[in-house]
Structure formats: structure tokens, C-alpha cells
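Two complexes come next, and they have one chain in common, chain A, joined by chain B in the first and chain C in the second.
And then the complex of A and B:
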């Protein structure tokens, strides 16, 4: 998903879940920050390296794709952008190597979504925003995996856009990095086909271009793992479900409900706004920021500010070392580390080594390690 | 390209220039070395493709292409290894054939890249055209063995230099986060 949904739509969902305008801004800012907290951002702030939640294009191009490099990439992308749906999925007659990658397929309403929301409970607005980013991406990025893999993430020429009147048009992708997508004429960019299984070009939904991130788009294609079964991706429906599920999740995080269960969507909260939301989601455009902003301002009656973290960065830099975890960004980094630790641990416990080794946060070994690190004043993955 | 790919490309380019030098200096043994290197490379590549197919790609849509590629490459490698004991004339013909085939593939790939709006199709096209032209020139002078060998070595050096330049070039790649 893009900033229009991660920031502005999350703001709207937070407000509908009962948060104040200021709280909704904090949650929305954190949700968008997940797409910006790269190693360069962390280095600039001298923040804990473990809190990285994304990698920028240049960083990925130079990333190592040896075993530890791949584990590092998988830990980031599977924890924050491609949360696995079923770590114990079954697939017949395949090698362990293939099965491990297959089990990292992202999708909504998996056990890890519940764990993500419950991990965020009681940890503040920053954790709530981070959890909403992860939850929303399980809908947009479903059917792709957060690890470089040709055999899981590849697509081929069988790729058709489905228009509202039912007609279909084959999508011809281009590999032109400088030209933006032309949604009017249905011309989109995707990543270049690379035969290398571990090439970063085969990470996530690169082979499908930005199509998963366009809320208006419906398309059908043959995913590499699908055994020639066609998948129809209905983004308008998925984005609407994501929005309603975010409201339900944030009501739980705000104390409005006792439990968070998967497969539940708060459609009651959007009563009276359904048409407006669907109109925003289904309008054919690359960027729906202004539409979501207008909706948010209508809900709260207050201007929704642009996403800007400079003030938070100044706060973090200016804080004393022992006070940094209490700043806005400090709390975000703590939430990011907790999320990454939880997901990596679940992946490891399922017998899958693609995210590397993990020590359970509840174990005494972990506590001893963290105590030592706290004394040394460093953060490690 | 990432750093590892750049280093591999650079080493391959240097190796090709070295092999051209060897072929000019010691043509009798040079052929054996080139055939051996080509054969080992093709056999390893073929086995790698087949291993990848049977462990991973057989579950992938379009994975059979990797099976075919592995079988073809392995066959070429084994066939290449069997060429050691035939007259050098035929070895040179075989090497020319591979060179021209590679050039034709580069031309096809360049035209494809042009259709997709890539900015780097011209370089690839020129490389492909030069490979094909070198192959044709070698065929024209095939009876004058030394001339043909020198033209072929010039082709190897040219390809080696192109690989080295490619490894040093900044490439703009589309990556979708």
C-alpha cells in the first residue's frame, strides 16, 4: 500500500475507532513511518539497528544475498510488509526448501495478524500505527512473500486488468524506472525478470509492479506458486475490508473491545460513509491522498497535517540517552523491534530458517542478552 | 547489478581477454583450454539448472522452461567436451556457431528491451550485431586459419571489454517496494 492508505486512510480509521484527532495523527504517522524507517534513516538518528522496518531501493540493490543477507531481508519484509498467513501450510511433494518459502506467503486473517495486534496492545500509539500498517499490507500484498524467491513471487505474461464493466485487457508491463505508471492507458512498470532464485528483483510483489498498491485495480494472473490456477485480486474489496478491520483492531487497542479476532470487520462504524469510502477506493488514480484527507477532515472537522517526522527527529536527537526510548520515535523503534522479534520467533519456531535464528523474548537467555546490550548501549538484531 | 554480480562480471571479462591472449600465443593448446573451460562451464550450468528445477522450479508456473534450459545446456557441455580430439577447423566452426548464436540472442533481447521502453537496448544491440559480424568474418576467412583465429580472439577481447564496462556501469533498475 501507499501513503494515501497508510497515512490518510489510517487516520480516518483511527478517528472512526474513537481516537482523538491528535491521537489519530500519531497513529497515522507511525503507520506511514514503517515505509520510511530504513537503515539510512536509522543511521542518521543513531538509533538501534534492530528497528529497521524497510529497505530503500539503493540499499536493496547492494544487499548481500548470501544466507545471512537473505535472512536479514526476510526478517524485515516478512515482519512489516508481507506478514505470513500460515506458517504451517501444507503442500504435497515438495522439498523443505520450497515449503519454507511457500509458508511465507502473505495473506489476511492469519494467526500472525492476531499476534501483531495483541503485541501492540498497551504499547501506545506508535505500536498501534505500526500494527495497522502490517494489518493493511496483509490485504494489499496477499499472494506474495517477503523473501526473494523466483518460484514464489514470479508472474508471467498472463496478467489481465478487469474493468468495472467486466471487460478485460492484458497488461503489458514495461521496465522503465523513470516513467510513472499511466493508469489511464493501463501501462504499468514492473521489476525485470531475473532467473536467479534469490535475486532481490524477486522480492515481494515487484513482478506485479505497483498494481497491489492501487486500490481501484482488479486483475487476474497466474502466481508462480498457484499450479496454473488463476487468482483474481479484487483490490477495492480488499481495501474496504482492510479499512473496516483496522477500525475493529484499533477499537481493541483503545480498550473499546476485550479481544481481537481475525475475520471480524467493523462495518457498523462506517455506516453512512460506505458510499464515500468506496468512491475513494474505486476511483481510478495513482494517488488518493487528497480524497482520503478530505474525508478525514470531514470526520474530525480539523485539518489533517501532511506527514512530517522532522519534529520527531529533532526530539529524538535532542533527548538524553536514557530518555530516548520515551520520545515518539523511541517508542516507534521499541514497537518495531518487538514486532520483528515476535514474527522472527514465530517463523523460527515453525522450523523455518529463512528469517534466521531467534531467541524467545520470554526466555532467560534473551533477558541476559538484553541486559548486556543495555549496559553496552547498543542495539543488535 | 549488486556487488557480487559486478565482481563476477568483471572476472569473466578479464578471463575472456586472457583466453584470447592464450589462443594467440599457443594456438595448439589454446583450443583445448577454451573447449575445456566452455565445457566445464556449460556442464556446471546445466546441472545447476536441473538441480534447481527438481528442488524448486517444478512447482512454478513456467518452470519447465528451466528444465529444458538445463537439459540443453548440459547436452551442449557434454558435446563440447567431446570435441577435443577433432581437427581444430571444426572446433573453430563450433566456437563461431556459439558466438553467433549468443549475438543473435543479444539482438533479440535488445529489441525486446526496446519494446519495453528500456534505455539500454542500444548497447546490447550493438554487442549482438558485432558478435554476429565477427562470426561471419571468421567464416569468410575460415580457410586462412590464422586470420580466422585472430578475428575470433578480437571478438573475445571485445566481449571481455564490454563485460568489464558493464560491471562498472550504474544500472537503473525498476524495483517495486
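And then the complex of A and C:
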């Protein structure tokens, strides 16, 4: 998903869940920050390296693809952008190596989504925002995995956009990342085909371009893992479900409900706004920031500010070392570390080594390690 | 909006048809590549055996001009043969790839694929393998002969795969048409 949904739509969902304007801004800012907290951002702030939540394109190009490099990439992308749906999925007639990658397929309403939301409970607005980013991405990025893998994430010529009137048009991708997609004429870019199984070009939904991030788009294709089964991706439906599920999750995080269960969507909260939300989601455009902003301002009656973390960065830099965790970004970094630890640990416990070794966050070993690191004044993955 | 507007077509026949179409496309690729390789090999052969050609030209009866003209005619003839072979391979390969991508083409390419198999297998069966390799071992070209035979075998396999997949696709299409017709009649 893009900033229009992660920031502005999350703001709207937070407000509908009962948060104030200021709290909704904080949640939205944290949700969008997940797409910006790269190694360069962390290095600039001299923040804990374990809090990295994304990697920019240039950083990915430079990333190692040896065993530890791939584990590092998988830890980031599977924890924040491609949350696995079923770590114990079964598949016939395949090797363990393949099965491990297959089990990292992202999808909504898995047990990890529940764990993500519950991990964020009581950890503040930053954790809530981070959890909403992860939750929303399980809908947009479903059917792709957060590990570089040709045999899982590849697509081929069989890629058709489905228009509202039911007609279909084959999509012929081009490989020019500098040129924006021409949604009016259905001209899209994707990552170039690489025969290397572990090439970073085969990470996530690169082979499908930005289509998963366009809320208006419906398409069908044959994923490499699908065994010639056709997948129909209905983004308008998925984005609407993501929005309603975020409201439900944030009601839980805000104390409005006692439990968070998967497969539950708060459609009551959007009663009276369905048409407006449908209009925003289904309008054919590259990003819907202004539409979501207008909707948010209508809900709250207050201007929704642009996403800007300059103030939070100044706060973090200016804070004393022992006070840094109490700043806005400090709390975000703590939430990110907790999320990554939780997901990596679940993947490791399922017998899958693609995210590397993991110590349980609840263990005394982990606490001793973190104490030592805190004293040494360094973060560590 | 909560339900998908379209449903995926994943009946057993649909899945099989996609698989056979993909295999047909890949076998078309294989035949094309092997055809190009055949042409490259021909050019390389002329280069590699140029010393034998020069020896032929300098030895024996006949004037230099006669031998040069003879050589030129033979060369042109050989080049035409290889060009024809390349054209046939490209024709078969591109047709198969087009059908694999859902386009309609006449099945003449399948007949030609069958002929390739026949022309590859019959000479092999007509000549004793042992004798062939024995001769070639004497001439220290056993390695190239073996590699050539392997490539010929690969080509036969690609053509056989192409014919098989095209036939399976046709069967599935006919089955679907019969099902649709029955449904319409009912």
C-alpha cells in the first residue's frame, strides 16, 4: 500500500474507531513511518539498527544475498510488509526448502495478524500505527512473500486487468522505474525478470509492479507458486475489508472491545460513509491522498496535516540518551523491535530458518541481551 | 463490494490447459534455439574446416579457378540448406510459441515437427551406432558426434513435447465445446 492508505486512510479509520484528531494523527504518522524507517533513516538518527522496518531500493540493490543477508531481508519484509498468513501451511510433493518459502506467503486473517495487534496493545499510539500498517499490508500484498524467491513471487505474461464492466485487458509491463505508471492507459512497470532464485528483484510483489498498491485495480494472474491456478485480486474489496478491520483493531487497541479476532470487520462504524469510501477506493488514480484527506477532514472537522517527521527527528536527536525511548520516535523504534522479534520468533519456532535464529522475546536470555546492549549504547539485530 | 466481482477459472481442465500451453510455448522456444544453434554450428564448421578446404583447393586435378568455382557452388548450396533448416525451425518454433500464448495458427507446424523427428531418427536407425562412433572415434571427432547426437535427441524431444501438448490442448478445447453445446441444448 501507499501513503494515501497508510497515512490518510489510517487517520480516518482511527478517528472512526474513537481516537481524537491528535491521536489519529499520531497513529497515522506511525503507520506511514513503517515505509520510511530505512537503514539510512536509522543511521541518520543513530537509532537502534534492530528498528529498521524497510529498505529503500538503493539499499536493496546493495544488500547481500548470502544466507545472513537473505535472513536480514526476510526479517524486515516478512515482519512489516508481507506478514505470513500460515506458517504451518501444507503443500504436497515439495522440498523443505520450497515449503519454507511457501509458508511465508502473505495473507489476511492469519494468526500472526492477531499476534501483531495483541503485541501492540498497551504500547501506545506508535505501536498501534505500526500494527495498522502491517494489518493493511496483509490485504494488499496477499499472495506474495517477503523473501526473495523466483519460484514464489514470479509472474509471467498471463496478467490481465479486469475492468468494472467485466472486460479484461492483458497488461504488458515495461521496466522503467523512473517513469510513473500511466493508469489511464493501463501502462505499468514491474521489476525486470531475473533468473536468480534469490535475486532481490524477486522480493515481494516487484514482479507485479505497483498493482497491489492501487486500490482501484482488479486483476488476475498466475503466480509462480500457484501451479497454474489463476488468482483474481480484487483490490477494492480487499482495501474496504482492510479499512473496516483497522477500525475494529483500533477499537480493541483503544480499549473499546475486549478481544481482537481475525475475520471481523467493523462495518457499523462506516455506516453512512460506504458510498464515499467506495468512491475513493474505486476511482482510477495513482494515489488518493487528497480524497482520503478530504474524507478525514470531513470526519474530524480539522485539517489533516501532511506527513512530516522533522519535529519528531529533532525531538529524538535532542533528547538525552536515557530519554530517547520516551520520545515519539523512540516509542516507534521500540514497537518496531518488538514486532520484528515476535514475527521472527514465530517463523523460527515453526522450523523455518529463512528469518534466521531467534530468541524468544519473553525469555530471560533476551532480556539479559537487551540490558547489555542498552548499557553498551548500541542496538543490535 | 465485499465480494469479489469476478471468480477465478480454476477447473481441472482450465489448469491443465494453461500447463500444456506453457509447455507448448517452452518447446517452441527450444526448437527455435536449437535451429539458431544449427545455423551457428554451420558457420563455425566452415571456419573450423577451412584448412581442409584449402588443402582440397591446392591438391588434385583441375585448375584453381575450377576448384574455386566448385567450392563456391558447394558453399552456397550448403548455406542454402542450413538457411532452409533454420527457417523451418523458426517457423515451427514461432508457431508453437504463438499457439502457447493463445493465438490461433494452422497445425502445419506440427506436421513439420513430426517430419523433423522422422528425419532425425531414421538416419540413426539406418546406420549402426557402433560403426558410426567407431568411425568417428578413428577420426577423433567422437566428442562432437556425441554432442551433436545429444542435441538431435533434445530437438526430437522438444518436437514430441510440442505435438503432445498441442494435441492435449485440442482435446480439452473439444471437450469444453461439447460441454457447452450440451448445456445449451438442455
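Here is the rule we go by: the second predicted complex is superposed on the first by the 381 of 381 C-alpha atoms of A that agree within 3 Å, B and C clash if a C-alpha of one lies under 4 Å from a C-alpha of the other, contacts with A are read in each partner's own complex, and residues count from 1 in each chain.
Just so we're on the same page, contacts are C-beta pairs under 8 Å (C-beta built on N, C-alpha and C of every residue); 3 or more make two chains touch, one makes a residue touch a chain.
This is a predicted model, so every value here is computed, not measured.
By the document's definition of touching, neither partner reaches A:68: not chain B, not chain C.
Using the contact criterion defined above for the overlaid structures, shared-chain residue A:185 touches neither chain B nor chain C, since it reaches no partner. Shared-chain residue A:166: touches chain C; no touch with chain B. Touching more residues of chain A than its counterpart among chain B and chain C is B.
By the touch criterion stated above, A:222 is placed in contact with chain B and with chain C alike. In the superposition on chain A, contact is made by A:175 with chain B only, not with chain C.
Look at A:240: by the touch rule set out above, it reaches chain C but stays clear of chain B. Counting contacts by the rule stated earlier, residues 222, 227-228 of chain A appear in both its interface with chain B and its interface with chain C. Considering their complex, residues 157-158, 162, 164, 166, 218, 220, 222, 227-232, 234, 236-237, 240-241, 274, 278, 281 of chain A touch chain C. The part of chain A that touches chain B in the complex is made up of residues 35, 54-57, 60-65, 81, 91, 94-95, 97-98, 150-151, 154, 156, 173-179, 189-192, 195, 197, 200-201, 204-206, 208-210, 222-228. Residues 2-4, 52, 55-57, 59-63, 66, 113, 116-119, 172-177 of chain B are the ones touching chain A in the complex. If you check the complex, the residues on chain C that touch chain A are 1-10, 14-16, 18-19, 22, 101.
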